[in-house]
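Here subunit A shows up in two complexes: once beside subunit B, once beside subunit C.
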Partner chain A sequence: MQKFSICFISFFVLFSFSMINIFFFSYFVMNNLVYILEWELISFSSMSIVMSILLDWMSLLFMMFVSLISSVVIFYSKSYMSSELNLNRFIILVLLFVFSMILLIISPNIISILLGWDGLGLVSYCLVIYYQNIKSYNAGMLTALSNRVGDVFILMVISWMMNYGSWNYFFYLDFMVNDYMMMMISVMIIMAAMTKSAQIPFSSWLPAAMAAPTPVSALVHSSTLVTAGVYLLIRFNSLLIDMFFFKVLLLLSGLTMFMAGISANYEFDLKKIIALSTLSQLGLMMSILSMGFPDLAFFHLLTHAMFKALLFMCAGVIIHMMNDIQDIRFMGGISNFIPLTCLCLNVSNMALCGIPFLAGFYSKDLILEMVSMSNLNFFIFLLYYVSTGLTMFYSFRLTMYLMINDFNLLSVYNLYDEDYVMLKSMFTLMMMSVLSGSMLMWSIFSYPYMIYLPLNIKLMVIYVSILGAFLGYLMSNMNIYSMNKYLKSYNLSSFLCLMWFMPNLSTYGLNFYFLNYGQLMLKNIDMGWSEFYSGQGLVLILKNYTVFYSFFQMNNNFKIYLFSFVLWVCFLMMFMMIYLNSL
Partner chain B sequence: MFYFMNSNKMFFIFILFFSTLISISSNSWLGCWIGLEINLLSFIPLISNSNNLLSSEASLKYFLTQSIASINFLFFILLKMIFMKNFEMNNFFSIMINSSLLMKMGSAPFHFWFPNIVEGLSWFNNFILMSWQKISPIILLSYYFNKNFLILIIMLNAIIGAIGGLNQTSLRKLMAFSSINNLSWMMSSIMISENLWIFYFLFYSMLISIMCFMFYMLNLFFINQLFFININYLIKLSLLINFLSLGGLPPFIGFFPKWIIINFFMNNNFYFITFILIMSSLILLFFYIRIIYSSFMFNYLKLKWIKIYFKNKMFILLNFISMVSILGMILSTFFFL
Partner chain C sequence: MGQSMGSFGARNVDLYMNDNPTFDPQTGFSFERKPREMKAREEDLISARIPPQFRDYCAHYLLDYQVCRYKNMPMLYKCAHEKHDYLNCEHQDYVLRMKEFERERRLRLREQRIVGAA
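Our next item is the complex of A and B:
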């Protein structure tokens, strides 16, 4: 009975789906095939709403990765969420999430994309608020509303695309490049992708979404949901390539990468550090994408998905062992107690830093070399390389905090490394994060990129990495006295560690003025003037009138009642006489 | 109220009905006057009850006011006969004849007798006074009315009906003021056509019959009785919804005739008067809701040992009418699908 739990079944189904996908991927990439299936749902005044399915090597490969990671994550959550009462609900939510992600991946039609896109937003909201407390509600609302901005942009794209008579953007990418409407559409697509992939004005939701359970963070907020925006832009790439706004995106995503790298160094929450490193890698993907290398972005997307999911899963094991404590200041020296988990953690961390011949090396090194080969200004170049150094910086700091420093939680403690369900799933991903880089590089690039660089530029990555590692080492060894030196640059420190005040921008900054204005309106209009001039004031006036009227009515003086008629007759007579005299 | 058990009252109610028919179908003003006079004299015995001092007082008051109105009516139709040719209009005469008719039906500037008399009447007599007794004066008004004067009277009726009822605690007086307000709708409908008036009048008398019979059954005369009445909550709910229907809230049938009148008024460019009518019926609806809502929704006493006498002999009829009142407009839309 235990074997046929919902986790196991879902794992099995997803894993088989992933294997099927890798088979078809090999077939498709070998023969260079593209299949489009269309199913017409409604035809409305010569515009048909179709559910389309696009199968090419890209969608098949992405589906393979998504289903592999989600199968492993579901297997992992059998142990991680073992004491959860509503495990079925959790697994069903994750499955719904995977389903909407797959819908997004396979659709070349903007309406069917919206189906997957909205599904992602909705289910990720449900997953973020899974631990039903105030913090998760806030985080979930921030996540959902930030993503909702992107949904609105997609909706506007739908209405703009009605001008073309069909929503299959796939067919217009090449022909309508210079069209004004297509330019509007592409700007909106970029905005939508920026919300989903948490680029700079919208990036505050990604660290907030760490309120979700860790398997959800592993699947949703590292490898699938946030890559949806990148994937959308990869699909639209041939349209966007020469746009001015794409250059803006390059700047914004480079700044995102830089900002996230710095903020990760200030952070002490284990999951938030990983979330910020995800943000930094997303910035990398977006920026290389906006330079016109969609295949490199896709490559990094896939390898990053592997090692980032692994990193989150390791973090989940550690959080489990530390009595649900996520603060890295309590951790330390755990490599002595849980060597297998630390092995996985180190592999994924190194892959993230781009240590040679791990997964991250192939994609990241290629990206950085293509950046050096490209015709760029110094600022963008600096953003790329400083961010690479910062990746090394926070990864090394994290490693030092977790593995080398003293254990600070309790004086009596018991750490265990024998949760084999979690370990098995982590080992699957560890294999992938070692192998996937080279595997993908050999399979998806039909011809190699030509790199020709001077030696120092070629070694620039190593220079910044070593510098970053050294700084990370120093930073992890800082004592309380040195920490207090932050106070000397208090404003700058708070600016950097609060993600450049972006949470304020999208929460307090947005809410505060409207709420304040609403309170003002409530006080002055709703409960003030409009009450006086409509409800209460009218009642007051009517009450006075009715009191005045009762004076005539209540005294039961019949003589007056009858006399009023006589008076009326006299009045009319008089009026009549005056009228007749005037004739 | 069961007049068929009392041969005298059966006789008088028969005369009451036929005197109205006499007055509205005669082709001379004198015939009309005769009908009105017979109507008055047949209603007096229906009101008066030798055991009840209040109703005797009410009958006397009714007699006085109606006879004064009749005297004036007779006086002015005779004057009109003497001074004017047959189809001639004159502001003075038309206003005076209209005024005496307005006094007969208890319309606004001469309405002071109306809430006082209503206080001494049983619910069934109230029903007759508010519905049937309105027929002959209004029909006679429709034969010979001064339009400008009537517009003034309509607005006055609407406002006085709304404001006078605002502070009442007696349900009978409240219904009287509501009737004054509805009189303004009726008078405005006779400005359009007689058929429209019949339409409005039928709906109004149906709604007022529900209210009067229900109050009769529950022995309700004052608002504070509503707070400790010990009845099934469905009956309370039906009372509440019938009040809303009487006030003219859209999904119920009370709105329907008002809607039609508003529609015709809009077509005939009576914008200001429509505004006054709607606003005053808003105030009317306000005090209906204030009565019912506070007594049935907020707090009411539920005493264990008080058994209130509950006359349920007409309950099926009442249920049927109130079903028409509540669901009539909703159901009737299905005929036009």
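Our next item is the complex of A and C:
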């Protein structure tokens, strides 16, 4: 009975689903088919709310990748979460997440997109706060609220699209391009996608969301949730291509890519480094998307999903092995203890860097060559290439810290791969991250890109990669004896390692002034004047009077009564005398 | 940026990469230049559902490539030759366009020289 646990059943179902999808994908891409199934739910005032399903090669392929990665992640969590008491709840949350993602993928209708989109935000909140502590709650709230901004934009898009009488945005993309309303809609769509894909003003939630369990990070914060925004923009791409705002998006996503690359070099938390590299790759996808190459963005999305999920799973194994320590300064030489995991880690890291003929190479190289082929200014070009170098930089630094340097945690240690469950799932993804690049390159590009560049620009990727690897080597060689260069330029390094103060924009900065003002209000109004005049002040006055009167009553002091009576009679006499004298 | 570098000098004559040729196509040629011919037929392209942006002078190679893809669907590496032919054609097309761009630039310079001399 143990064999058919919820993990195995979910794994089996999702894996079969992905195999079905790959079959349908090849059929659809061969025949160039698009299927739209519609089911009218309700119709009023010449508007119809339609539940619709869009099946084309893009949605099928994405569903295949999502279900493959999620099946593998669920298989992995059987071992990773084995000491978890509520494993069923965890797996059901992950399944809910996968279903909302699939709902988002197959819907050409903005209302059902909202359902999937909101489901993603909600379930990711539940998954981020899965380990219940203050840090997780903060991270979860940040994640949920950042995504909520995007939800609100989608809601506004729904209300704007009411003017068209239907919410199937798919039919308006080509015909309403010059419409003013459509321009508003596309701006809001871009904003929504920016929140989900953690582009620059909203990017602080992605590293914070690493408070989630590692399988969740592998599935949610690397390959599915954060790519939802990219996927939405891929769908809307034909609408957005001539907009000015798309140029702004190009700049912002380029800066995201650059910022995340730099911050990853200052980070020492294993999962946060990987999260920042995800952010960097998301910036790459968004920026190539905003240059008008949605298929390249989609290609990179898929290959990146594979190797980034693998990278997170390897990180999970390492964290388990290190007794839940995530700081890379404690790690080192782990390739001697867990060689198979390190094999996977290296393959995924190299795929991330774009080492030739692994998955990342095909997409990244194509993207960078298309950037070189396009008419862009030097700044954008520089952002792309420096970020590519930075990818190599932090990946090499991570490898050096994890594998080359000495082990720093304990003096007596016994480290080993725990079981084959995690290894099997990682090997599945490793195979995919080796093969998926070339497979996808063959299959999804029905219309191949012609690249024609001068030699040095063609080799520019190699140059920046070698430079980045060298810098990563130098950076990881620093030890406690070398002078701490960070402290010499403390302001700069705190600026860079705090993600350009992005968290201050979305949490600390936003909270601080309001909370401070709230405290002031609490002190002066709630606990101050309003208490003085209503609650406690009234009580005080009443109490004082009561004490005063009860002094007369409770003591039962006749002397005082008598004295006051005598006094009263004296006053009366005096007034009578005065009155009589005045007559 | 490879493009920008290649075309940077052309900005002196206010020429950018996406501009169309402004001079008479026959200027300066001893023979008569013929307009290029579209080899692929429109109805073939429509029936093969080739998107409009790919219906260029290399579309007949693209059609061959699509046919090959259709025939060998899972084994797409078998279409490497067709793909190479298509990309070769696109490359030649690119070179041709670059030559036209350079011709435009030089003709504009020549015009400036003539105006300056006059």
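Observations
Basically, the second predicted complex is superposed on the first by the 514 of 583 C-alpha atoms of A that agree within 3 Å, B and C clash if a C-alpha of one lies under 4 Å from a C-alpha of the other, contacts with A are read in each partner's own complex, and residues count from 1 in each chain.
In this section, a residue touches a chain if its C-beta (ideal position, glycine included) is under 8 Å from a C-beta of that chain, and two chains touch if they have at least 3 such contacts.
Predicted, not measured: the structure shown is a model, and the values here were computed from it.
Once chain A of one complex is fitted onto chain A of the other, the partner contacts of A:Q553 are limited to subunit B, with no touch recorded for subunit C. Using the contact criterion defined above for the overlaid structures, shared-chain residue A:L522 touches neither subunit B nor subunit C, since it reaches no partner. Using the contact criterion defined above for the overlaid structures, shared-chain residue A:L41 touches neither subunit B nor subunit C, since it reaches no partner.
In the superposed model, A:C570 lies in contact with neither subunit B nor subunit C. Looking at the shared chain after the overlay, A:Y447 reaches subunit C, while subunit B stays out of its contact range.
For subunit A, the partner that touches more of its residues is C, with subunit B and subunit C as the two candidates. With both structures placed on the common chain, the touch criterion links A:L562 to subunit B but leaves subunit C unconnected.
According to the touch criterion, subunit A has no shared surface contacted by subunit B in one complex and subunit C in the other. Against subunit A, the residues of subunit C that register as touching in their complex are 1-7, 16-18, 49-51, 54, 62, 65-66, 69-70, 73-74, 76-77, 83, 86-87, 90-91, 94-95. The residues of subunit B lying in touch with subunit A in their complex are 61, 64-65, 68-69, 72, 92, 95-96, 99, 103, 109-110, 112-113, 115-116, 160, 162-164, 166-167, 283. For subunit A in complex with subunit C, the residues that touch the partner chain are 26, 29-32, 371-378, 380-381, 442-443, 446-448, 450, 452-454, 457.
Residues 542-543, 545-547, 549-550, 552-553, 556, 558, 560-562, 564-565, 568-569, 572, 576 of subunit A are the ones touching subunit B in the complex.
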